[in-house]
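This is the structure I want to talk about, given as structure tokens.
Naming follows writing order (A, B and C), and every chain is counted from residue 1.
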Amino acid sequence: MVKFSENDLAKVQEIVAHYPDGKQKSALLPVLHLAQDTFGGWLSSETMDYVASLLQIEPIEVYEVATFYSMYHLKPVGKYVFEVCQTGPCMLRGCDDIIQYITQTLGIRAGETTADGLFTLKTVECLGACGYAPMMQLGKYYREHLTKEKVDAIIAECRKTAAELN
Amino acid sequence: MGMKLLLEKAHVEGIRHFEAYRREGGYRSVEKALKEMSPEAIVEEVKKSGLRGRGGAGFPAGMKWSFIAKPEGVPRHLVCNADESEPGTFKDRYLMEFLPHLLLEGLIVSSYALGSHATYIYIRGEYAWIATILETAIAEAKANGMLGNNILGSGFDCEIYVHRGAGAYICGEETALIESLEGKRGNPRIKPPFPAIQGVWMRPTVVNNVETLAAVVPIINMGGEEYAKIGVGKSTGTKLISACGNINKPGVYEIDMTISVEEFIYSDEYCGGIANGKRLKACIPGGSSVPILPANLLLKTAKGETRYMNYESLSDGGFASGSMMGSGGFIVLDEDQCIVKNTYTLARFYRHESCGQCSPCREGTGWMEKILWRLENGEGKETDIDLLWDIQRRIEGNTICPLGDAAAWPVAAAIRHFRDEFEWHVREPQEAKRRNYGLAHYADPIHVPVAG
Amino acid sequence: MSEQPLLTVTIDNITIQVPAGTSILQAARKVGGDVAPPAMCYYSKLEGSGGKCRTCLVEVSKGSEKDPRPMPKLVASCRTNVMDGMEVKNITSPRVTDARAGVVEFLLINHPLDCPICDQAGECHLQDLSYEHGKEGTRYEFQRRTFKQHDLGPYIQLHMTRCILCYRCVYTADQLTNKREHGILDRGDHSEIATLIEKSLENNFIGNVIDVCPVGALTDKTFRFKNRVWFLKPENAHRECPDCCGKVTLWNRGDEVFRVTARKDEWGEVESLADGSTAWICNTCRFEKKKSSDWVIEGPRKISRHSVISQGHYEGKVGTTVPTEIFSAVHGGRNPKLLMDIHSVSEVNRPEIQLSQIAGPSTGNDFTTGKD
């Protein structure tokens, strides 16, 4: 069953308090971020219905928003999501080679997840790091000036962290 | 060295935190504004400064502020647009990451000028760690009496909240941003009513870019008239340029808008020349939406004059031979780059980011992407080029928000200036798969007709 | 109520006076005819609708008496209000007709054009729009988009591929029902209308989304594939309904009621009642009352004589006489060979010869090969 901890509920209350009374719908985007981070890295319809009930809005209002924004995952994703930018400025600096390299190394195409559930590769549009291209987003942070060696290092680092957590 | 008004202290140790920022002279403008100036006087100073919106449209900021409606009993809001998503642009990120307190300082002064007691920073969702940096800075400012109730004993109350988006370029458009701030899909609203009358929660709202609001700090410190003396013509003050692409030193540079494009690209102080000893082929000088220019038209205008890094000079010649300052996202392409491919990735970007409300943009962006893919992959037809032109022409100007224009302009400019490269892709599809068209004649001196 | 000042506006050289707050489109509808711009998303009875489809774009060649500057861009007439002294060009502006042809093309590139099997055919606004403002042929050579199918319950059939994303149904569901459960999902060219989980839309007034849908995206499932609208005879009828106004149009063939819809005005919108409210009808009237005996028949409904629906009914009106002898009449009693099987009259186009297999310019020899 999907339910926030007391601690997270307090966070939701704090977010809602940022907006005027009766405008709690404004908290939808930040609360969805919190829900995605908390409930397995993606938004199931159960999670979305729960968020709707928390904010006292109709479920469809949550679906409309969750499907509009590209950061919300509506299907399960791997533990580590490589979101590699492929727009113009990154393309000029060779992002195609990086995407190709990740595809080869992990054996997955863009949009797919490795069989062990560790990695998902996504190609995304401009993340605002054009001067540090090629780059990708991994969790909360950006990994920039990517090279094949760096990609190897990142994959190794993720595997190591995952092993330690288990 | 060019003059720096915003980034001068960016690399001072600990400047990200209140103590160091304050020690370096930060928050002086808040003291000056709240203790010595009326809100009207601040708006007047910003008007005098000639500050133009730094988000892309270049609309005079003071004038935008003066439009805000002030109905009795209705709260007003200032919203900071930190949804930086224009390909090629990453200046706001740099400013927020290194100098969060500079933005807060500008926000407090501007909130006071506009009468906003709850001010929001709408930051793009992907900048997750920067949201944390800003929230830390807000907590520090509040602990030091710069935010909250009765700031510096002036009687002015103000809170600043960070609101994270979730991945949508369209939310950089101010009415889409407002919708998103209300927890809805980022569909731009139809104007009128303008946000200054009915914005977020139908209250009067001003939406300004990060850099615009940060620039309010030096304006208050030095006075609007002094600020207006920097720069040239209607391009006053300094501008952050985020340079990227095939250059030696990509990064964010503060310029005073009097330097030439050539100096900006080749001097060691800025981009440091084209990477790997290559030659310059083309450049998109103001973020992906503005027209791309071949090397020859970039460095010199069609009249044969030197082109400078400012609003007027970059747009000299209109769309026929000029471009725009836009958001200051300076994308440089070297001789090895393929214009068709570059245009294709931009078309893909706009298709991905179209909100889907207006039919020309929703359907047209996807159509352009498909045709450009075909051209790039050697399956194009001669008629495709004219078809692309016709599609972009029918999107431009026919949509609710400027995303339609933004999607149309890069395609139009690429065809306008690089038509022979497109034709080469059609005529030599096998060759085009093996190699790029190269520099061709795009850096040749332009023939300037003699007057009279 | 105090007398409202009237504003003067000139549309396509026709000057009229309208109250302040009137949109250009509403003013143009007062003039009527071709001067009224087409509207695919705007619906005067739905608050907030309009502005999206861009078919109603017009040129404002003079802003107002006070500020005579022309507006630089074409504006959506449905969402732009009239100013005093404004001059508007609709069909008299080449810019407008060009932009509109563009919008029609955009709306059609992903439309399936399955009119032959679409229940909306004959009363489809996109058909009318394409016929009046579009170009024949398409320049689109790619696959049209498709969607996963959604079941919206026993009453409403959704064909997402036909949808033009006008948002009318969203406004209807929002404004006519007490619970919001219908919306737009996803973004850009893959946006779709649907509830995320395949939940039927259960509400007594939800059937009205069928009437507001300008295309065949939302159709009456109880009428699906039953008949073509032009074979049916529309009649006004009413009943005492506890939920709605009970004023409907019955679509009959013989004595059989094939479907029930709300009554629509000349702009294709549900009519207003005498008290100014809109004559929306409830699901019971629409889906459950399919017997003539359920209704008090008022008489045949007036249909525009140019509408395809008026073809085949009402003796003596347009479309009742079949032009059987026209061909031979205009050809002086001769029946043109064009109507015959080409192979029976031509020695050249023989079916066993593949024209595409002939290399280079063909000669008479190419056609004689294989002939004795």
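Following the convention adopted for this analysis, a residue touches a chain if its C-beta (ideal position, glycine included) is under 8 Å from a C-beta of that chain, and two chains touch if they have at least 3 such contacts.
Treat the numbers as computed from the prediction; the structure is a model and nothing was measured.
Across A-C and B-C, it is B-C that has more C-beta pairs touching.
Among the chains in view, B has its Cα centre nearest the centre of the complete protein Cα set.
In terms of their C-alpha centroids, the spacing between chain A and chain B amounts to 25 Å. Mean C-alpha positions place chain B and chain C at a centre distance of 41 Å. Touching of two or more other chains is recorded for residues 61, 64, 68-70 of chain A. Taken residue by residue, chain C touches two or more other chains at 184, 186-187, whereas all remaining positions touch fewer. Residues of chain B in contact with two or more other chains: 168, 185, 352-353, 355.
Residues of chain A touching chain B in their complex: 18, 20, 23, 25-30, 32-33, 55, 57, 61, 64-65, 68-72, 86-89, 91-93, 124-133, 137, 140-142. Across the complex, chain B meets chain C through its residues 168, 185, 190, 351-360, 362-367, 370, 387, 393-394, 397-400.
On the chain B side of its complex with chain A, the touching residues are 75, 84-90, 93, 118, 120, 124-129, 161, 163-169, 180-186, 201, 242-246, 250-252, 284, 288, 329, 331, 333, 337, 341-342, 345-346, 348-349, 352-353, 355. Here chain C touches chain B in the complex through residues 50-55, 57, 73-74, 76, 79, 98-99, 102-103, 105-107, 109-110, 139-140, 142, 164-165, 167, 184, 186-191, going by the rule given at the top. Residues of chain C that touch chain A in their complex: 179-187, 195-197.
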